[in-house]
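For reference, the structures are reproduced in the following blocks.
Across the two complexes that follow, subunit A remains constant while its partner is subunit B and subsequently subunit C.
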Partner chain A sequence: MGANLAAVVGVGQTKHRSSRKDVSMAGLLREAAMEALADAGMTWADIDAVVIGKAPDMFEGVAMPELYLADALGAVGKPMMRVHTAGSVGGSTAIVATKLVTSGIHKRVLTVGFEKQSESNATWGLSVPMPFSAQLAAGAGGYFAPLIRGYIYRSGAPRNTGHVVAVKDRKAALRNPKAHLHIPDISLEMVEASPMLWDPIRYLDTCPSSDGAMALVIGAEDVADASAGPVAWVHGMAMRSEPTMFARRDQVNPLAGRACAKDLYTQAGITNPREDFDCAEVYVPFSWYEPMWLENLGFCPEGDGWKLTQAGATAPDGDIPWNPSGGVLSSNPIGASGMVRFGEAAQQVRERAGDYQVELKTGRTLGHAYGGGSQFFSMWVVANHKPSS
Partner chain B sequence: MSEAFQSKHVLEYPGGYTRSVGPVIGRFLTGLRDGRLVAVRTPTGKVVVPPTEYDPVTSESVGGADADFVEVGPAGTVTTWTWVHKVRPGKQPLDHPFAFALIRPDGADTAMLGAVAASGPEAMQTGMRVVPHWNVNRNGTLRDIAAWVPLPEGAAIPEAPARPLVEGEAPVTGVVQPIRLDYTVTAGAALTRYLEGLAQGKILGGRSPNSDEVYAASRGTDPKTGDPTSIEVEVADRGAITTFCIVNIPGLSALAPPVPFVSAHILLDGANNTFFGLIRGCEVDEVRMGMRVKAKWADVLKPDHTSILHWEPTGEPDAPYESYKDYI
Partner chain C sequence: MRDVAVVSYAASSVAKETEFNEVEIIVPVIHNAIAESGIPKADIGFVCSGSIDYLFGGPFAFVAGVDAVGAVPPIRESHVEMDAAWALYEAWCYIQTGEIDSALIYGFSKGSIGDPFDLLTMQADPYYTIPLWPSTSDMAALQARAFMERTGRTERDLAEVAARAQRNAVTNPYAVRADANATADAMLATAMVSDPLRESDLYPVSDGAVAVVIAADDVARSVSKRPAWIRGLDHRIEAHSLGVRDISTSVSTSLAARHAGVSGAPVDIAELHAQFSHEELLLAEALGLDSSTTINPSGGPLASNVIMAAGLARIGEIATRITAGAANRGVAHATSGPCLQQNLVCVLEGV
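Now for the complex of A and B:
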C-alpha cells in the first residue's frame, strides 16, 4: 500500500454474452464505464486518469487499444495507460489504477478491462505456431489439463471434484443477471455426460468465451468519504510473476501465487483466510482450479482443497463462499475477467451484489486473478471499513 | 559459433478479424454504401465525420441510433496533405503516386483522411476543393470512395453512380479487417545450437557455471538467476512422463495431430526441466505418469523440431513418483 487510502467508489459491468455484435469495441467499454461513473456519481470530466487492460493482442487484433480508446474513455488531455499481464490483466490493471491513487498522484481514476472475443478466436490466439519451437498446439486446456492431473495424483482428490465446482458456480450464476452462462438444470450428471475435451477436463469443466467489459472508479480517501453510495476500501494489493519454466518449478501450486497471497495477507492483516474473508472471487477458468487455488491461497493445508469443495464449504451457503457471482466458469471476457473478480469482491462489501449477496461478518473479501502459464498473479483485499492504521 | 537461424513468420487470423461497428459508425458505413457522407452532431454542437459514438472532447454520448445524424459534403476542402511519390501496390489506396490528405467535407467541423488522385504534387494545395470519386460497387467500407479528385472551380458536384439495388438489404453492422504481419524470426545462439544438435540426433542442454541444473533446449540463460547457461551438456533422448493429458478436440491448430492424442510433460534423463511432447506407439489410455519414453527420430535429421517425430514407450519399468514429483 502507498501512504494514502483508496476505495472503489463506482462499479460498472456489461451483461456478458458470447457475442455482442450490436456494439463497437468502444461502445462495449463505454457501457461499463458509464455505469461505473453513474454509480460513483461522477461524469467523465471528474476523472483524473484512465488505466485500461485487455487480453493478448492477437485475441481481437487490436495492438494499441489506448490509442483507439482515449477519447471514447474520457482521457483527452489526461494520462492514459494500458496494462498487459495475460489472463490476470484485469486484476493488475485495477491495481495499477489504485496505486495511482494510493501514491497520491490522482484522486479519481477510471479503470476498464474488456474483451470482444467474438471478433476472433482465443484458442487460435493461444496456438499460433512459432518458428523454431515445437508446438503441440493443444489450446489452453491442453496446457492446464496435465497440471490438473498432477494435482489429482498428489492430493488423491475424487475425480468428480471438478464437476462439483462446475455445478456450484453455474448454480450461483443463476442469481447473477450479468453472468454469461445461465444453465437452469445444471447437474453433476450433466457435467459428467459432457464431452471429455482434454482428459481430465470435460466440456462443462471449462469457462465460456465471452464479450464483456468491467469498469471501476477508484477514489482517494476524501473522495470516498464524500461518496453518496457505499465504497469498498482497499486493504491490500499484491502482484507476483514467475517464468513459465524453470527447474523444479511447482506448476500445480506455484510459488508466485503463494508469495503473492502472503504479501497480500500481511498488508491486510489476514491470518486465517477461511475465517477472515466473507467470500472470495477467485480466477477459476477450469473447475479443478478451485481446489488448487484453495491450497495456493492458504485457505487450507496443501492437499486439502478438494475436501472444502466436496464439503460444500465454498458454496454460496458454505462457510467461505467462492465465486458467488458464478465466477469465470460462468463468464469469461478474458481481458475483463480479473477485474470482474476484483469488482465482484468490492460489490459484496458494498452490499451491492443483489441476489448473490453473501452475509457480511468480517466485511472483508478477496479478489484474485492469474494468467499465462500460472505465472502472473494479482490480488486485492477490499472491506466495508477503512484499514486500521 | 555458427550464425543464428532465421525464419519467415506470418501472423494472420484466418479470414480476418470481424468488427461489429455499432449504430453510429454503422450509419456512416451504410451511408458510404448509398454514396453519401453521414456525420453526427455531438452534444457540444460539432459536426463530426466520420461520426463517433461520443463527443471527441467531452466523451459525452451522441445518443447511439437516435443521434443527430447530418449529411455533409460530398465536396470538401483539403486542410493539409502529403505527396506519396512511391506507392506500394496493393497496400495503398491507389497504384500510382497520390496525396494523402485531410479533407473537411462541407458542413463538417472535422477533417477525414483520404487519398487524392491528383496529377502531381504541383496540383495539390491546402485549401483546394475535392470531391469523392465513388465506386459503383459499394459494400459499406471506406474503400467505397475510390479516391478524392480535384473539383475545378465552378464545376458541378458529381453524384455517386447508382449501384445495383439489393432487395431487403440490411444496414451495415460490421466489417472484416484482415491484418497480416510478416516477421523474420531469429532463433538466437542457444536455440540455434540446440537445433544443430537435433540435426545430429542429439538433445543438447545448457548449464550455468553456478548451477547444477541442466536445461534441455536452454534459451541461453538460467531462468532462476539469469546466468548464461554457457556449459553445453548432452542429455539423453529418453526420460519419464511426469504428467499428461489426452486431447480429444480435433483441429485446435493446423499442426495438431489426429485425435485422440497424448500431450505429455517429459523429464529427460540428465535434464532438470520438462517440455511438451506428443506420445505415440501405444493406446492413449495406456499412458501413465512415470512411463518411460524415448524419442522417435525422423529418418532424415534436420536442424528443426521435425527431427523428433514423437515419443514412444521404452518398455522399461515406470519411474518412481519420488524421482519426478518435483517436476509437476
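Now for the complex of A and C:
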C-alpha cells in the first residue's frame, strides 16, 4: 500500500522582525495563516485539521500554546496538534501535517510554525541550569562553535569561508521583502570587523533573533489538482534522530543527517543532488553550516563543501543556489525557520519566489531543517510536477 | 484504513521518584514494552513521545528520551508537546500512510519536581489569564461547580467517584493512591482545596513513564493472539477561554466520540483521563456511557496521573484488558488543557 499524494497549495509568511510588538502571539500566527489560506483560495472553514510547531515553550513563557491559539487558528471543533522537535521543528511540523494528508485521513491541513523571540531571550532560554548536569550556559553559538572548529581542522577550509556565506545570504535577503535583516552594504570587511562571539563565529556569522511565523496549506491530490494557483508536489519526506552524545559520534558530519538525506533521496529519486535540485533551502543558522551541510547532504564529497562555497556555486547565480531567500542567517523565528525552508522550497517550484526566484530546470527543490545538538533532522523534496510512479 | 492494534503496554509510577532521572525512568518502561510486544526493536518503524518542558524545568525534556530509546543507528522519531496519546495518534497516522508497520510511543514526567497544579497555569492565555494565575485545580473547580449546578450532582457524588477510584486502584500495580476501604464519607473528610474540590477529588502527583507499541495488520496478528484493535481514533479541541464555552459539559469529547464511533456497539469498559473526580461523571455523559460500562477499572488518573503519559496509559489499560479477554470493546479517553479543552477518544476492540 503506497501513500496518497499531497502538495503545498498555499503559503503564507509574516514579515520577520526582531520584535513584532504590533501583534500578539495569536496575531502573528494569524498573519501567516490568513495569507496561506488566501493563497490557497480557502477560508478557515475549508480546513480539516491544524498542526502547529515551535521550539521550547520557554522562549515565550506559554506552555503548550496550541491550547490558547485554538480559537485564533480556527481550530475549534477540529483536530489540533503541537509538534516540538527542537530546531528541526518547522520541518517536522510540515511533515506531520503532510502525513495527515498522505495517510488519507484529511484533505486540507493548515500548518503553522512560529517563534516570538522578543517575548524572552532564546540564548538563556536554552541554557537553564539543570541539577546534576554540566552547566553549558552557552546558547546555540557556544555549542556549535567547537563543531565548526572541528570542521575547519578536518577540511582545511580557509578561515573566511563562513564570512563568504554570511555575505552571500545577506545579499540574497535584499531581494526578499519578508527577510528580517536587510544590510545593503554588507561586505566581507564588515563581517570580518564584527565582534567575535564564539571563535570562529563573528556577530555577522550568526542568525538574528526574530519574531515570525510561516504557514502552509497542505492539500490532497484532488485538492491540488483543483487548485487555481500553482502547487508544490511532495516527492519525499524524511526525519532522523540520534542522541546528543554517544561514543564515536561524528558531531561535525552527523550520521543522522546522512541517513535522513539517503532515505529522502531514495524516495524522491535523487541521485546527484547538485544537479537534481534547482536550489536548496537549508537550515544554516551559523554561516559555517553551509559547507558542513553541503557535505552532510551529499552535494559534494566530504571535505569539499567549502570549495563550492568559495567558488560561488551556492550563490543565487551559481549552479546550485543555497538559500536564495536569505536563509536562517537573515531571518530566524526559530520554531518557524525550518518551515520557512520547506515553504521557500515550495515557493521556488511554484515560481512564486518573486525577486529571488531561481531558474527552474528539474523543477525540484530541497527543504531542510536540523536541531538539538545537530541530532534531529527533517527534510523534504518538492516539485512542480507529480511524482512519476 | 489499515487495521492497527495495541500489542503491548508498560508503565511505572510512584508518588515521588528521588533516585532516578527521566532517562532512567524511561529506560525500563520502554524495554518492557518492546520485550512484551514481541517485535524486535530494530523492526519498530517509528518512535514518538509526549512530554512537557515546564515540568522538566528546562528546554528539550524530550531530548533525554532519545537517549533512553537507543537511537544508534539513527531512528525515525518525533515528539509532541502534548500527552503521549497524541503521539500515538501521530504514529497511527504514519502507519496509515503504509510506510511503516509498527511504532513505539511513550510519555513521561516527574510531576513531583514542582507543583503541577500551579505550573500548568502556564498553559493559559498569556495576556488575559496567566496574570491572574488561577491554579488548574481552581479552574477545574469552576467546571465542577458548573457541572453540579446543571445536573444536580452533589459533592457526595464526587466523593463516590473518588472512593471507587481508590478501591479499584488496589489491583493496579502503578497506583500511587489506593485504599481497599475507601468510602465517600472518608473522601468528604479530606481537606477542601478549591471549593467544591477536595484533596481526594484531585489527582495524586505522580512520577513515571508509559510506553505502548502499536502494529498494523499481520504484524500485530503475528505477535499477539488477541491484539487490541484501534477501531476509532479522533481528537477535537474547543475554544480556550473558559468564558466562551459551556464548561458544564464537553462538546469536544462528544464530537470526538462521534467521529470515533463510540456509540456503534456496547462499551464494556472505559478508561477516562479524569484528573478531577467530577470530570469522570462529566466525560461519561459526554461519551454517552451508561451504567453498563465499567469506568476506570484501574482507578484512573485519581490513582496515578503521570502528566503527559496518563492519557496514553488509558489506551494501554483498555488494551491490556481486551488482550486478556476481560473485555471485548472499550473506550479510552485523553485530555489536554484547562477544563477539558482538548479531548481524544480511542475505541478498541478484541475482534
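The criterion applied here is as follows: the second predicted complex is superposed on the first by the 386 of 389 C-alpha atoms of A that agree within 3 Å, B and C clash if a C-alpha of one lies under 4 Å from a C-alpha of the other, contacts with A are read in each partner's own complex, and residues count from 1 in each chain.
Quick note on the criterion: a contact is a pair of C-beta atoms (placed from the backbone, for glycine too) under 8 Å apart; a residue touches a chain by one contact, two chains touch by 3 or more.
Quick caveat: nothing in here was measured; it's all calculated off a predicted structure.
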Partner chain(s) touched by A:196 [first = subunit B, second = subunit C, both, neither]: first
Touching partner for A:82 - first (subunit B), second (subunit C), both, neither: second
First, second, both or neither for A:56, with subunit B first and subunit C second: second
Which of subunit B and subunit C A:255 touches, first, second, both or neither: second
Partner chain(s) touched by A:71 [first = subunit B, second = subunit C, both, neither]: both
First, second, both or neither for A:145, with subunit B first and subunit C second: first
Subunit B versus subunit C as contact partner of A:362, first or second or both or neither: neither
First (subunit B), second (subunit C), both or neither touched by A:310: neither
Partner chain(s) touched by A:246 [first = subunit B, second = subunit C, both, neither]: both
Touching both subunit B and subunit C, residues of subunit A: 24-25, 58, 60-61, 71, 76, 128, 130, 132, 243, 246, 249
For the subunit A and subunit C complex, residues of the former touching the latter: 1-4, 24-25, 55-58, 60-71, 75-86, 92, 96, 99-100, 102-105, 125-126, 128, 130, 132, 238-244, 246, 249, 255-256, 259-260, 372, 375-376
Interfacial residue positions of subunit A with respect to subunit B in the complex: 20-27, 30, 34, 44-45, 58, 60-61, 71-74, 76, 116, 118-121, 123-124, 127-139, 141-142, 145-150, 153-154, 195-201, 243, 245-252
Touching residues on subunit C, where the partner in the complex is subunit A: 1-2, 21, 47, 52-54, 57-60, 62-63, 66-67, 71-82, 86, 89-90, 93-94, 96-99, 119-120, 122-127, 130, 234-241, 244, 251-252, 255, 336-338, 341-342
Complex contact set, residues of subunit B against subunit A: 5, 7-9, 11, 13-14, 17-25, 52-54, 56-61, 173-174, 177, 179, 185, 187, 191, 195, 213, 215, 222-224, 242-249, 252-256, 263-265, 272-278, 289, 304-305, 308, 321, 325-328
